[in-house]
Amino acid sequence: MSPVLSAKSLSKHFDGVVAAEAVTIAVAAGERVGLIGSNGAGKTTFVNLITGYLKPDAGAIELDGRDVTALGPREIERLGVARSFQIPQLCAEMNVLDNILVAAACGGEALSFWQPAHTAQTRERALALLERFALGAHAERRVAELPGGIRKLLDIAMSLTRRPRLLLLDEPTSGVSVEEKFPMMETVMAAIAGETHSEGTAVLFVEHDMEIVTRYASRVVAFYSGRVLADGAPATVLADADVRRHVTGGQI
Amino acid sequence: MGAYAAASFVAWFAAAGFAPWMSIIALFMASVAVAALLAPLVERGLLRVFYGRDEVLLVLVTYALFLILEDATKLIWGANPYFVSAPYALFGNVQVGEQAYVGYDFALVVVAAVCGIGVWWGLNRTRIGKVVLAVIHSAEVASSMGVNVSRVYTFAFMFGIFLAALGGALTAPMISVQPGVSVSVVIVSFAVVIIGGLGSIEGAAIGALIVGLARALAVHTWPPAELFSIYLAMAIVLVFRPEGLFLRVKARRI
Amino acid sequence: MKRIEALLIGGLFAAGSACAQETFKLGVVSFLSGSAAESFGVPAVNGAKAVIEAFNKGQAPAPYNKVGFGGVRIEPVYVDENGGATKQVQELRNLYDRDKVDAVVGYVGSGDCLAVAPVAEEMKKFLILYDCGTPRIFEDGKYSYVFRTASHAVMDNVALARYLKARSIKAGSINYINQDYAWGHDSRNDFKAAAAQLFPGSKAQTDLLPKFGAGQYGTEISALLAQPADLTHTSLWGGDLQAFVLQAGPRDLFKRTQVVISAGDHVLPGLGDKMPDGVILGARGAYGLMSPKSALNDWWWKLYEDANKVYPVQAPYRMVQSLLGLKLAVEKAMVANGGKKPSPEQLAAALKGSEWESPAGRIRMNLADGHQATQDTAIGRTKYDAAKKMVTLVDIQRFPADCVNPPPGVKGEDWIKGGFAGAKCP
Amino acid sequence: MKRTVWFGVSLVVIFLIAGLLLPKWLLFLCTMAAANGVVSLGIVLLMRGGVVSFGQGLVFAAGGYAAALLSNKLGVTDALLLTAAGGAAAVLMTAPFAVLLARYRGIFFAMLTLALSMVLYGVLVKMDALGGSDGFTMSRPTLLGMKIADAWSGYVLYSIAVVATGLLSIGARIYFDSSRGLVSLAIRENELRVEYLGASVTRVMAANFLLAAFLGGAGGALAIMALGHIEPNFSYWTTSGEFVFVAILAGHTGVLGAFAASFVLELVRSFSSSYFPNTWQMALGIFLLIVIRFFPRGLGSLIKK
């Protein structure tokens, strides 16, 4: 079966700074890929290229074999690509439930002028999703009053409302305290498992914490100054000499 | 308000027997008086409450102020017209080709240029200017570095009022100062600032030139269009440069 | 008389005004703010205040010497005309319904006149338009409750053209500068048509239409000086006219072309020595320095000058002539109905087609089936009198009403284009 | 949604009955408050999307002139038809700008709408065919083919306004509660995320602008039918400024807030000019300041709290 995502020799330069150089990666359904690399290595740029926020200078992006290089964020999302944000992008004045309802409405077919947003059916489906993220209790609370960890979870939950084929998590555990990190990732991975397509959602997550990467990634891609340094099983990539020198700095 | 104050100051100067050329000084003093009196009252009393709030609210607050000041000037100075002709004749006439011009108009251009460059120099080349720019960019950071932000706001607002009052004072000799002169200025100043891009001095200068030329061009080529030439220019600029001509680049958000 | 207001959460309801003893409530609407206040609004209201006070004390000369209106004291209610026609329609309804006025005299802006006339007609209440000049009121519509006690603007430009013809002033080429709104367009069209009749072959050159209330005429003056014409016609008035004169004077526009102003007398007191000599101007009637000699005029001149320290110009004159006409109509109606306060219908019947003496000469309601007045007018030339430190008007020529007004039933513009058919001139 | 419809209809009936008791001048004031209120409701709709139009005079004038011309020139005089025609005309006139304007935010959206409304003002003053700056009068409309008798004209125009604005308000409430309404609120707070979630921000904003234009045009038609006279001032910036003030006073939560605020403004305007003939502008200005100072979230928030 063709890969869910295939990036072919993508490159992107910002007046002299090499953000991406000949990046070629293919991701199949069900894979859990960790993207590691120091700050400015090109991880977030890669995510922004995949989601259409940035246009590559060269190379192509394919989703299920279809070229989407020229499409904008909205069209790409409709093709089943969802992303969460390093800094949670939420609607602060609205409550948690409404945020989920917004996500559900935006992904739906045509936005209706008169179909009420709050119906028994839409509420029930949204609450189910929140339960899966252990956010049920916060449904009526205003987002502005929520602590960092909860906001992170909500941000990821919103990207899951449309059962995406490819999910991009941008540093899911950044800004979350050490004790909460693992329970949060457990919840997220369990929720993703519960929500997926028949063959399972492909997940790419940008992460600095190597313990998270080794535990949750089935495969790791290491970036360094815009290039792919190594791509393979977590153990082999983390043991690679270049990766140790440029990325992990001998952490393990 | 500046025009009316100028009318009173020039009258007091004349009554006190000062020489005609002193009337120029009277114009500047009138503007300083308006700034000194009006600015703290309005800024401290009113605008302070709205900082950081939606800028549309500020537009409404200034619209309400406009209504109040319109009647206030009428209560203080009454409805009959004032003529401030002393300064107008000071610069004699200038013959350019077969068109005769009044020296005052050229003097006005010079004063405007001096003010423009002065403000630009003040903002970009002096310590106080740097502080004001810092506050504009982000008040929190500036105050954390020990800048008394509220005093900077008051000073900046007072200086703004001074320039506006000076504009009124310098126009006074050319017109008959009476109720209703203020309405037309509101929209033209909006147009100039929007065309020029918020917060940029070069932008305001270019914006003013565009508005002035648009009006003059309309008068000479297609008189009926004079009425909405300014708004047309404003609309056209906004269509091509949504943030005005000279706005600073905004940082990327994600 | 106390007025009681209860401010409820839901809304503000005004209880009816309990009136101690019978008074004639008169609504007076004119500009108390905005750009027309200084030139037309406030002087007219000052004129009204002076005259109403004189009426209430019975000090007016015969035949106006009864106290108030036929013995009934007049209680004026002043309303500001500034704020657009929409607001004026609401204010008029409030005057009739809420304040229960018996009659309204008002309106300077032609837009306001066009807006309020149908409302008064619908509410069957008595309305006198004392100042607005647009001929369209009675040419486009027919009213039984609405009257205009001043002649419309057609006569000003016709008289101007006739004055130039009578003094054979060269008019080979004409420049125009008029405010860009209905009054400006109508005046320019009327003068252009009149000039075409009286000066065949004269060429219209620059035709400028600055924004109403522009105040800055540097560009326009340069355009006028670029192609100086024999004649420069303008219908600018109030602050705009003063600014134009102040900016054009030093640039010798008045020396290089003969400037002609259709309604310019009201700026003379203010401008004083800054007003160049030899400018030909009208006052939309025989007003101020051009008013005819009469006992009534002397009384009025002294009454106004004592109260306001400046001699009356066109605006207060038009107000006083409307109040005099109203007084006679009320008193005539009271005679007919046995001394009771007249109903709007009785007032309308009394005023329709009537004539009366005013400080500016005889006012005759003989157009638009007795609803539109005609009056004599005059054109003069400015001359600064250093001794009296004021601008005087010399070489004044008077034009009887029938010479400069269209006959009943004929539209102004058609009458001019038709070569002033039926005009009776000396 | 059923609840909104029933609540709305019962409110309209209550107002119709109350109308019979009001004195004539207050009846006229309520009619104008309703007509202006629906225009401000259009601005409230836009505010929910995070933008404020300072040029709603454009659609107000477009609706008014369309209704007046239809009535005078083409003999279409049915009131409800004219109201709908006014709204449609406003939508047609603003359609070309809708997509363009949908990309603007904050003060630039306000200024561009202001500029467009002033361009229309300039054009209207220029067109002598439309009466130039004096505008022109419009004969009284008919209702379902019946001529309206003079005595009843005040009440009939009032009820036309109440019924029309009632229907439009019910529609607005339904729209506010719809998924598109919810997404508009989301755009107000984080349009980047909405775009990422798959909705076209531009299309939602453009649709909001056209809906607001329809409300504004209908308001214009209702106002001209009550006033009987239309002039370019409908599109002047001071008129637009008052609509914005009413919308701010109303707050962007409730629909009723817009009409309550409009009623309050009409009351203050009418009483300030008779009690302070010389300083009514100052009275209005002070009132505006008090409201902005003490009701920053608007009347709507009072009701909701």
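Per-chain residue numbering starts at 1, and chain names A, B, C and D are given in the order in which the chains are listed.
FYI, a residue touches a chain if its C-beta (ideal position, glycine included) is under 8 Å from a C-beta of that chain, and two chains touch if they have at least 3 such contacts.
Keep in mind that this is a model prediction, so the values were computed, not measured.
Comparing the centres of all chains, each the average of its CA atoms, the largest separation from subunit C belongs to A.
Comparing each chain's Cα centroid with the centroid of every protein Cα atom identifies chain D as the most central. Centres computed as Cα averages put subunit B at a distance of 33 Å from subunit D. Subunit B and subunit C, compared by their mean Cα positions, are separated by 36 Å. For this pair, subunit A with subunit B, the centres built from the Cα atoms lie 51 Å apart.
Residue positions of subunit B with contacts to 2 or more other chains are 70-71, 74, 224, 227, 254. Taken residue by residue, subunit D touches two or more other chains at 125-126, 192, 278, 280-281, whereas all remaining positions touch fewer.
Residue positions 85, 89 of subunit A are each in touch with at least two other chains. Interface of subunit D with subunit B (complex): residues 52, 54, 100, 103-104, 106-108, 110-112, 114-116, 118-119, 121-123, 125-126, 192, 237, 241, 244-245, 248, 278-282, 284-286, 288-289, 292-293, 296. On the side of subunit B, the complex with subunit D involves touching residues 46, 49-50, 53, 55-57, 59-61, 63-68, 70-72, 74-75, 186-187, 190-191, 194, 198, 224-225, 227-228, 231-232, 234-235, 238-239, 242-244, 253-254. Taken together, the subunit C residues at the contact with subunit D in this complex read 5, 11-14, 32-33, 77-80, 82-87, 89-91, 93-94, 96-99, 110-111, 114-115, 118-119, 122, 124, 134, 136, 141, 180-182, 185, 212. Listed in rising order, the residues of subunit D touching subunit C in the complex are 23-26, 28-29, 32, 125-126, 128, 131-137, 140, 150, 153, 223, 227-229, 231, 233-234, 236, 238-239, 263, 266-267, 269-271, 273-274, 277-278, 280-281.
Across the complex, subunit B is touched by residues 32-38, 41-42, 180, 207-211, 213-216, 218-220, 222-223, 225-226, 238-239, 242-243, 246-247, 250-252, 270-271, 274 of subunit C.
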